[in-house]
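Going in written order, the chains are labelled A, B, C, D, E and F, and every chain counts its residues from 1.
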Amino acid sequence: MEFSNLLSIAGGTLGSPVVLFFLLGFLAALARVDLSLPQPIAKTVALYLMLAIGFKGGVGMADSGVGPASIAPLLIGVAFSAAFPILGFAALRAASGLGRTDAAAVAAHYGSISIVTFLTAIQVLTDRGEQAEGILVAVAAAMEAPAIIVGLWLASRGRSETGAAAGPAPEEARLSVREAVLNSSVVVLLGALAIGWITGEKGMTDIKPFVVDPFKGVLCLFLLDMGAVAGRGLAQNRRAIGTGTVLFGLYMPLVGAALMALAVWPIDLSPAGKALLMVLAASASYIAVPAAMRLALPKANPVIYTTLSLGITFPFNVIVGIPLYIAIADRLFAGGSQ
Amino acid sequence: MEFSNLLSIAGGTLGSPVVLFFLLGFLAALARVDLSLPQPIAKTVALYLMLAIGFKGGVGMADSGVGPASIAPLLIGVAFSAAFPILGFAALRAASGLGRTDAAAVAAHYGSISIVTFLTAIQVLTDRGEQAEGILVAVAAAMEAPAIIVGLWLASRGRSETGAAAGPAPEEARLSVREAVLNSSVVVLLGALAIGWITGEKGMTDIKPFVVDPFKGVLCLFLLDMGAVAGRGLAQNRRAIGTGTVLFGLYMPLVGAALMALAVWPIDLSPAGKALLMVLAASASYIAVPAAMRLALPKANPVIYTTLSLGITFPFNVIVGIPLYIAIADRLFAGGSQ
Amino acid sequence: MEFSNLLSIAGGTLGSPVVLFFLLGFLAALARVDLSLPQPIAKTVALYLMLAIGFKGGVGMADSGVGPASIAPLLIGVAFSAAFPILGFAALRAASGLGRTDAAAVAAHYGSISIVTFLTAIQVLTDRGEQAEGILVAVAAAMEAPAIIVGLWLASRGRSETGAAAGPAPEEARLSVREAVLNSSVVVLLGALAIGWITGEKGMTDIKPFVVDPFKGVLCLFLLDMGAVAGRGLAQNRRAIGTGTVLFGLYMPLVGAALMALAVWPIDLSPAGKALLMVLAASASYIAVPAAMRLALPKANPVIYTTLSLGITFPFNVIVGIPLYIAIADRLFAGGSQ
Amino acid sequence: MRSAMETHPKVRLDILIEQLAVPRLGTLLDTLPGVNGYTILPVQGGSGLNGIWTRDGQIAGAEGMMMIWCILDAQHKEAVLKSVFEFVNARAGLITVSNVDVVRPERF
Amino acid sequence: MRSAMETHPKVRLDILIEQLAVPRLGTLLDTLPGVNGYTILPVQGGSGLNGIWTRDGQIAGAEGMMMIWCILDAQHKEAVLKSVFEFVNARAGLITVSNVDVVRPERF
Amino acid sequence: MRSAMETHPKVRLDILIEQLAVPRLGTLLDTLPGVNGYTILPVQGGSGLNGIWTRDGQIAGAEGMMMIWCILDAQHKEAVLKSVFEFVNARAGLITVSNVDVVRPERF
């Protein structure tokens, strides 16, 4: 029954237009047909999704109140984001043959989170009739920066060892962290969260036809684009990254989700919320962290971290990971309450 | 009564916001006011319309099933697309004074189809409460490539005659046909058709507020842009093309629609479906074929084929043709069944 | 009670997602986080809002008819737009220390109108359940050009005085006025008004899910962008404009609204319509007039007029002005009829 | 044997100009003898005596510049430059002139 | 003391080409010895023997050009120019060649 | 009579740089003596030692470059080039230097 449950979730996920449009863009890219959106559109669709998800989260918080129980997921998220890069760095250094700077850059991506994966998981949960706490949006936002700071610290430890400056100059590091914390996605996400919280159900009535009704359709269009970009990167660069690194992109999400499952076990949170935290743990950033690494670690090879997080882990999570994490959360956390 | 029926359809068409926005863009352009959209938007709106019409077609196919009866319109469409350029080529060589290469390029446009004209006709039919079979979307997609292949063949026949290479190099021709068959519009159209077919009514419920509800409004915005581009082209280039060529752009749609009316007479298809096939036959491409001709026949003059298909035939079809073809289809094919 | 009414309107305005998103963009810009949209998107969203507001206005005119009573607001609007720049010019010359050309350019902005401020006010009124006459859209459009003509005349009077050409060459002036009268925003606004008028309620049913339902949400996105641009301009250029000029940007809207309140007192128009005319009077252009001044008065400093109208008056109106003018209109014009 | 790739000296103009004025500059260029074409490149932003500007977020065309790229024969340089400078100097803009080589001299 | 900013002469190609043909030109450039990279700049519009065009409103890529900017060493100029000219000459496009200086000569 | 169109030699820098670094480069340029302005042009894509990239479909600014165009007086060339090279060399980017003529020398 558990296995059939997983299958049914996976089937539901694979049968969802959202995932099918992702596959369309991805497979077309592998066949060298580029379905990506023009950049101004891609950026704006992303901004729209931030705005919508933030606003909905804020209205959710206004509805149900934000109690002290919300502190626990926030703390767990931040702690995970800070600690997971250390594990990832060790694994990459041991098994993937990456240099210090590249390993630090990649590890930062996996400690941080992918908001698109998060959105996709929310949609899958919504399709199943499950809804998570609004605070999860704030948790997602809070999980972006710690991993960047730790990643830069990991890179900079090489400085003293080797003499040469493997890590970033302090000024660069400071600016990059500011960039990551204050990048426009995060600000829109948190700003919309605040606005949703302030305006509550009344605000929601006002702009529901914009932020709720077309949301899933817009997500389809966006995942068409993301699939196209992920597939293009994979097609162009698969030979540029070694097998050990590719494997990292497949097992690391599982490790992250498993650790997070343990961490959230005792806390007071809906099964959907716990599933989303597992998704956040499993996902790898491709907005904030690549930008921060580009700035602070210009000598890290962007081909490696971009291809890995966007070309490997993102498709893996969309197709395999999300149904799996939800099924596990269902089994572990919903079992008792049913 | 037939005439009044035509008038009422024409009145309905001209009174529709979709056509009025087209006229707004067109007339403004003639008065040198440019209402065109920025290119990233124009491209994305086009993509959205492909996605929406494909998806709806696919759901329609899931609803009603795709029987062997669907083969007939597909075959007729492909045969028309391959044969009609030969007729067009002969007419252009005889009456418009175009050289071989230009005549071949133009003829390919008229054998192929205009998806925007198709969309407009679907909207006019929908406004009248009529709905065609979902398979028509696949027919439209299938009618793009044959005309390109035949057009390139017509151009290349000049090679042996003259010694100089009038036609494309074989490699160029191959790549251009690939481009036409696999251009992103067609892939999104067919991909969305498949996704609609797979997800059926359930998928439709999910993304209806994105692909159905705002569709007509988005079409208005798009036709504002198309009118602007068509009018601009006409204003800039009307002196660049001869009267014989201009007339071709007006009579050729009528010839195409008439031939198609004969071809679809015996087959098992709704009157709306037959009207749409007439519209496809009457319309001239301005996405796939211009691109293919640019690549494979760089020496053909793009001013001629673009101005003709977009500046003359497209407005003619939107304003005069579509109501006419629907009225004829109504008279010929719906009469018996009523 | 009047004061509490103002407070309640102001509270309603400040609690509206539309204004909160504006503040988000504005405050983020002051904190050097740029939330502006890519330009193709910003332009298209503006076009969409023109199209939607024009169309709704036209349908409104079809519904309620356009009687001779509509002439009065049109005439008042045009007269205001022509006369107010003279007052503004005198004030700027006396109290702000601007040169003739700069003063003329700034004054033209304040005689003309801001369509975004107008949209925001319509939304605030709609949220209160009030609706103005459709003709107001035409009034707004008609108020753009006169101020430009008068502004250029004010600048050109310097020519004879000084010998040097302070004002525009006549050909430049003619072209700039044409540009202002026929800029694409105005044409779309008036074109959509005409289309709404022609198609009436039937047309509205067709495209309501595009022009009405998501309108407020799109306006949020747009004001996020406008806030970002306004805040950026203010942050960059606040030192470039003197205190006298800044004060002008704060008192001039109040003067304009007060004068308009007197002008509309006797005429036959809904209180909402009168409030909107006050908003038009109080607002300063930042689409048509900056473009016209750039072309016709290239020696006027764009930093002054742009920062003033967009960085000072626009936020002032959105946050303070609109609730104030509505409260006053409420008190003056609705009191009697209630 | 002479090289097939013989090149010929021409003059390159780069004109930075407000985008609102581009249609008029285009009309001017179209009428100047020796100008057989020009190409317009978008500009994203910049910095100058009047401060910093960027295209992002702008809804109006009022701010924003374009770059015009124009290749012409040296014999027309003087006259073209004179007309264009007169136009550009009345507003915000820059012109630079440099030397380039082309393969097909008869185009220009 | 020699200046730290010693510069080295290189050749700059500016290639204007239909955007549809850019992928093929890119493939060609990638195979030419001496070409270690190139950069693609968008073009907004232009005017030439075939009239005026603009990117605005276009849904298809059929109209529209791109500018390719390519820095290379003088020793490869002749051969690269020959191949590129052959490609460009078959379609609408222009090539100009000019001299530039760079700081890191080994990149090119 | 001397020609009204007397031109004056200046130096043109073309700097290709990651767009994320453009604000910082701008800040640097704004502080350098001799730099009175610069212009930013968008870049659509390119190819280099690190492979091919394109702007299409990207949601983040992480990938993507811009081109900076800067005209300056020869007397500042050495110092400006030194500072800019230091900045660019630490990351992905290119600088070329060339000679141009301008009409109004006092702007630069």
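General observations
Definition applied: a residue touches a chain if its C-beta (ideal position, glycine included) is under 8 Å from a C-beta of that chain, and two chains touch if they have at least 3 such contacts.
A quick map from chain label to UniProt name: A, B, C = Sodium-dependent bicarbonate transport family permease; D, E, F = Nitrogen regulatory protein P-II.
In this text the structure is predicted, and so the values were computed from the model without any measurement.
Fewest steps needed to get from chain B to chain C, stepping only to touching chains, is 1. For chain F, the chain whose average C-alpha position is most distant is B. When chain centres are set by their Cα atoms, the one at the greatest distance from chain D is A.
A separation of 18 Å divides the Cα centre of chain E from that of chain F.
Here the CA centre of chain C is 46 Å from the CA centre of chain E. With touch defined as above, residues shared between interfaces to two or more other chains in chain C number as follows: 34, 37-41, 43, 209, 213-214. Each of residues 41-42, 52, 98 in chain D touches at least two other chains. Inter-chain contacts, as defined above, occur between A-B, A-C, A-F, B-C, B-E, C-D, D-E, D-F, E-F.
Touching chain D in their complex are the following residues of chain E: 14, 16, 41-49, 52, 54, 65, 67, 78, 81-82, 85, 89, 94-98.
Chain A meets chain C in the complex at residues 38-41, 43-44, 47-48, 51, 55, 182-184, 187-188, 191-192, 194-195, 198-199, 202-203, 206-207, 209-211, 213-214. Remark: chain D residues 3-5, 7, 10, 12, 26, 29-30, 36-42, 66, 69, 71, 98-104, 107 touch chain E in the complex.
The residues of chain C lying in touch with chain D in their complex are 34, 36-39, 42-43, 45-46, 175, 179, 225-226, 228-229, 232, 236-237, 240, 286-288, 290-291, 293-295, 298, 301-303, 306. Those residues of chain F whose C-beta lies close enough to touch chain A in the complex are 18, 20-21, 24, 50-52, 55-64, 90-92.
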